[in-house]
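Okay, so chain A shows up in both of these, paired with chain B first and chain C after.
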Partner chain A sequence: MAKLINLTINGVAVTVPDGTLVVDAAKKAGIDIPVFCYHPKMEPVGMCRQCLVEIGRPAIDRATGQPALNDDGTPKLQFMPKLETACTNPVSEGMVVLTATEKAKAGQKELLELLLTSHPLDCPICDKGGECPLQNLTVEYGSSQSRFIFDEKQRADKHVHLGELINLDRERCIQCARCIRFQRDVAGDPVLGFYQRGRLTDIVTYSDPGFDSVFSGNTTDICPVGALTTADFRFGARSWELKQSASLCAQCPVGCNVTFNTRREAKSGGVMAIKRVMPRQNEQVNETWICDKGRFAGYHYTEAESRLGLDAASMESALSQAADKLAAAKSDAVFLAGGRLSNEDFYNLKQLAAKLGAKAYLYSPMAGGEYTTAYGLGAGSNLGDLGKDDTVLVVASDLYNEAPVWHLRLKAAAKRGATLIVAAGRATKLDEFASFVVRYAYGDEVETVKGLAGKEKIGDAIKNAANLVVFYGSDGLGLAGTSALAAACADLLNGKTGKVNNGLVGVWNAPNTQGAYELGLAPAADLKSELKGKTVYVIAADPAGDDPALADALKSAKAVIAQDILATATTQMAAVVLPAAAYTEREGTYTTAERRVQRFYLAVPAKAGTRADFAIFAELGKKLGVELEGRSALLVMNKIAAEEKAFAGISYARLAEVTAQWPIVGRGDLYYGGTGYENKLGLGVHLALALTPAPSTSGRGGQMRPKENELVAVPVSKIYDLGVTMAPAKLLGQRIGAAAVGLNPVTAAKLNVENGGKVQVQVNGVTAEAIARFDESISTGVVLIYRSFGIPISEPTSVKIVVAEKA
Partner chain B sequence: MRLVEPFLELMTGMMTTLKMLVTEKPVTVQYPEEKKAVKPRYRGRHYLTRYENGLEKCIGCALCAAACPADAIFVEASENTDEKRFSPGDRYASTYEINMLRCIYCGFCEDACPTEAIVLGDNYELSFTDRRQAVYTKEMLILPVPQGGAPTPQVTEPGKFTRSVPEMKDPVD
Partner chain C sequence: MSLVEKYPEEVKAIFAKYPADKKRSAVMPLLYLAQREEGYVKKESMQEIAAMLDLDTTEVASIVGFYTLYHDEKAGKYRMQVCNDLPCALRGADKFLESLCGNLGIKVGETTPDGLVTLEAVMCLAACDKAPMFQLQDGDKVEYYENMTVDRTMELVEALKKGGKEIK
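Entry: the complex of A and B
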């Protein structure tokens, strides 16, 4: 614990740790000092000069070296002749800060007058209007009149597209550099910069495509004016017209807390519609950030035209048909559920399957959950606490693409002094911030992890780590590979299980894969053979669309019942389709891969003719004579807490508990933390570790290696793909791009493939066209195939690449 | 005597009546055949105005809706393009509705409007047979295109309308 410093701000005695900045100390004492460029998550730069205050420090008598005293015995204070910036001055003992004196007020007022000399009067139509720090601080600290001449205002470009996601209005920009600093320091994607100087200073993007960062949306939150706005929300609504509803992002296993802003609108037929996604503060999960996938793709799939819905009578008959089919099949039924379901849904599904004697499988491209439940992060863990003496190992995962907010948090941990080890088959964005980068040939994942402990420096970092967190993913791996890798990674954690900030984290592809594992579901080792001749009940998954082989397997099934929110290839071939409500239209909980159970709330009313998944299971249960809770998600959670050991003690009330967080963000402090929302509806609760004995971690391995003159295709993930939950996000269309394959230039040369050239890919019995992309970091003989781009790939397999004929 | 005095008094009164009947004009207005002019600042039914070239003054900022104490106004905005321009600013009102049953004709919307687009007129003759009829849409509120102007949406040359909010002179009234 740092030394504590006593100071006085506006007569209020404040005690804060050494090194705290005056502006933060004041904020902690509830005193506002206006700022534009300072942000509590970034280093101060003192660029905007808005935080001018008077600072007095105890004078030292030069002769004695002792504090000089006034005649009455009080310490003599020395004030600087001019005002000082509160954001660049750290506190010191006996300091006296005056923020509201006439001198300080005059300084703040004049600064605002200067900032507004060329600021356009766009507030009536500006997307920031109503939640704009400049607007608010002008009302509070500024003058109602300017001494500058209106006709002499500077003019600049008002419609600059920094890429297709973020718009820049150069006239509104006050050159605080928050966006530039965020991209450079927090996101590690330095794609923005200043160009020119003085009055001509512009924000420019260096990248192609413009503003090429998956964190770009955050800059619009921290922009203290309306200079940066999102294309997604452009003129969507005025900020004061929006309602807030707390929710979670369902695009990846991080579980970022978000707030959906909703509004009733004519464009959506007079119903409530989600207008935008904003981050909601949870310092232990996503701090105040979210990635662009969550912001711009986030909920759009729940509004897609292909949403399913049935009128009441058809719904009833569909439920009866489904119940009849399940009753006929009994133990010959197979339940197949995707990771988009909530904990409540999984629980009811499991109960229903168990009563029927049917098998229930998780539909996931990645296995190893039995290890993450036993070796997962201990209760109270927080990636934000990792620092010096701690070690983080990331194996077979490109976090920037698979779970961007973890990328950002691990980067920050490395900056705080944690040893970051990145082991992957190709170069990833995290390499830049890693202490050690281990590059292996695809297929060597398990051997590599087993060999890490034996390496000199890396082995020491792992063995001597005060805290060890291991992330493992499915980069280049299928079910068997990830399962073996999870075992090898868990082996490194022996002796550390259950401790705070220690554990194994699976980088899943769905928001609640961890929850499914916690509730006892797991993927089938050989799904195709499991489906043959059975009555298959597919929920929130699209096996037929993912893989033609699975589509064939479904065709060979006795009957297919599909339950989803969107029409998919699977629902098209199903005999019975049950339309489900999207997660934005109901309550529920997700378990993040960090094993934190978090609650999402209803944002918009359910689409007509749909029902929550757990309620559909309960309805089917009623018809099949199985008693299941279907009245509300809260009651289902009560049952889970009573029956599942890991969930013991969890209730909706506990999940909604909030403790004070630092830095303060929220609607009253827009100028300070940005427009992200404060968390009023729950930080979530960590699960207890599974009490079942941990599975054996030895004797796994044996991967597919490319033989001489043979190519092996491995599945990898890209942040923006054509998956069910991504494809409806039209704004991201350009970034999603076309199907591509990654090749080593040496491999490519043998095949006469050019970088960016079209190739025919023959894999898993399918021939598809793709664009070849060179990647020098991967081993020769390996072809990277991106998941969810229409080329079926789930396991490493042999592949043929032919140069496509030019049309 | 006792009979004469009241009779005289009655006659005096009748004389006054007779005098008025001859000299004064009637004050009763024969509404609806005849209508009385309203005062210059009378606040009647609203209308949305246009510029001389036909472009709409409304930029869809919804400040009228924010100012409305009766929550009678609903605005939804969309973005202008040079190919499809409704107003000189960045955005225009794609939906503009006033519920005349809710409206209390206070004129706050007129005060809040940054472009003098919404104006309260002198029409006080509003009657409805259905609540839905009381919701006036943009088509009902907007003035016809003035002579020499073109209807909206217009195709405008790029670079002509670059301001987010058209620049306004200080209001005269």
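Entry: the complex of A and C
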């Protein structure tokens, strides 16, 4: 704990840790000092000078070296002749800060006048209007006149597309460099920069595509003026018309807290519509950030034209038909559910399946949940606490693409001094920030992890770590591979189980895969044979769309019941389709891969003719004589808490609790953290570790490695793909791109394949066209195939690549 | 053609000046090299330099943008940069620049039709006592011409046409 420093700010006595900046100390005391360039998540730079205040420090008598005293015995204060910036000055003992004196106010006011000499003040047509600190400050100081000559006002381009996602208004920019510093220091993607200097200073990007970073949307949040805005929300609504609904991002297992801004509008037929996604502060999960997938694809799929719905009568008959089929099948029914379902849905599903004697499987490309439930992060863990003496190992995962906010948080942990070890079959963006990079040939994942402890420096970093967190993913692996890898990773954590900031984290592809595992669901080892001749009930999953072989297996099923929010290949072949409400239209909870249970709230009313998944299960239960809670998600959670040991003690009330968070981000503040929302509706609660005995971690392995003159395709993930929840995000269309395969240039040369050339991929009984992309970091004989791009790939398998004929 | 292909020896010499873990420091000499032939830095060169130094292209471009002697657009073979700041103006630099424009038949910022000279007005070049003065930028080289008159400058332009830079 740092030494505590006492000072007074505007007469208020404040005690803060040594090293705190004056601007932060003031905020802690409830005093807003206006800032533009300063952001509590970034190093101060003192560029904008808006935070000018008077600072007095106790004078020292030069003769005696003792503090000089006034005649009345109080310490004599020495003020600098000029105002100082509160954002660059750390506090010191006995300091006196005056932020609201005439002198300080005059300084702040003049600064504002200077900033406004080249700002258009076009607030009425600006997307930032209503939540803009420059606007607030201008209103506060009320200068309706400028002493500067209007004709000399800076004119600049107002519609600059830094890419298709982010727009720049050059006139509005006040050159605070928040966006540039965020990209360089927080995101590690330095794709924004200043160009020219003086009044010509300009924000530019030279990346291709423009502003090439998956964190780009955050710059629009922290921009203290309307210079950076998103294409998604452009002219979408005025900020004061918007309502706020606390929710979660459902695009990956990080569980970023978000706020959906909604309004009732004619454009959407007079109903409530979501207008944008904003980060909601949770310092233990996503801090104040979200990635572009969450922002620009986030909820958009819930509004896709392919949403399902049935009128009341048809819904009733669909439910009856489904119940009849399940009643007929009994233990011959197979439930197959995707990780988009909430904890409440999984619980009701499990109960229903159990009463029927049916099997219930999780539909997931990745296994190992039996290890993450037993070796998962201990309650109270926070990646933000990792630093010196701690070690983080990331195996077989490209976090930048699979869980971007973890990428950002692990980069920050490495900066704080944690040892970051990245082991992967190819180069990933996290390598740059890692202390050690381990490159293995695809197929050697398990052996590599087993060998880590024996390596000199890496082994020491793992063995001697004060805290050890291991992330494992599915880069290049299917179910068997990830299961074996999870076991090998869990082995490294023996003896650390249940400790805070220690544990195993699975980089799943869905928001609630961890929840499914915690509730006892798991993927089927051989799904195809499980489906044959059975009555298959598919929920929130699209096996038929993912893999023609699974489509064939479903065709061979006795009957298919499909329950989803969107029309998919699976719903199209189903005998009965049950339309579900999207998570934005109901309440529920997800369990993040860090084992934190978090609540999401209703943002918009359910689309006509849909029901929440847990309620559909309860309806079916009623028809099948199984009593299930279907009235509200809250009541289902009460049952879960009573019956599932890991969830003991969890209630909706506890999940809604908040504790004070730092930094304080509030939207009306002049101490400006961004347009992200403060968290008022719950930080979530960590699960207790499952009390089931941990499975054995030994004796698994043996994977596929290409032999001489053989090609092996392995599945990998890309952030933007054509999956069910991504494809409807029209804005990201350009960045999703076409199906591609990754090859080592040596492999490609043998096949006469050129970089960027078209190839035909023959894999899993399908022939598909793809673009070849060279990647020197991968082993030879391996072909990377991206998941959810129309080429079925679930496990490493042999593949044939032929150069496509030129059209 | 890439810089490495075009100037293999020079690139090697520049890299030799900096420790391997601080190679990003080589960005400025490499940019001058990129500017040598055509007087401006092409986007491909920025990309190549960024790749060589493990920088982002935007970071390299920012340096081109910040420093006034790097250019990102094609102009005349020579850039004639006349200082017309206050002390120089007091010694007649503004009139000099105006009549130079007349003689060359171009405005400040424009290039002569033969593509030889681009005329620019710049801030302090630290030679106030020798105004009117300008610097002549030729790719990665800069030379000062001090105590100039319009006649002497036109003489220089004639010399430049013939490939020389000398004036009597």
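Simple rule for what comes next: the second predicted complex is superposed on the first by the 803 of 807 C-alpha atoms of A that agree within 3 Å, B and C clash if a C-alpha of one lies under 4 Å from a C-alpha of the other, contacts with A are read in each partner's own complex, and residues count from 1 in each chain.
By our rule, a residue touches a chain if its C-beta (ideal position, glycine included) is under 8 Å from a C-beta of that chain, and two chains touch if they have at least 3 such contacts.
Everything numeric here is computed off the predicted structure, so don't read it as measured data.
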| item | value |
| --- | --- |
| Partner chain(s) touched by A:W240 [first = chain B, second = chain C, both, neither] | first |
| Touching partner for A:G193 - first (chain B), second (chain C), both, neither | second |
| Residue contacts on chain A - larger count, chain B or chain C | B |
| Which of chain B and chain C A:L121 touches, first, second, both or neither | first |
| Chain B versus chain C as contact partner of A:D169, first or second or both or neither | first |
| Partner chain(s) touched by A:K158 [first = chain B, second = chain C, both, neither] | first |
| Contacts of A:A266 with chain B and chain C, given as first, second, both or neither | first |
| First, second, both or neither for A:V204, with chain B first and chain C second | second |
| Chain A positions touched by chain B in one structure and by chain C in the second | none |
| Partner chain B, residues of chain A touching it in the complex | 120-122, 124-126, 129, 158-159, 169, 234-235, 237-238, 240-241, 265-267 |
| Touch list for chain C against partner chain A, complex | 43, 46-47, 55-62, 64-66 |
| Contacting residues of chain B [partner chain A, same complex] | 59-63, 65-66, 74, 76-79, 89-91, 94-95, 114-115, 162-165 |
| Complex interface listing, chain A residues touching chain C | 189-197, 202, 204-207 |
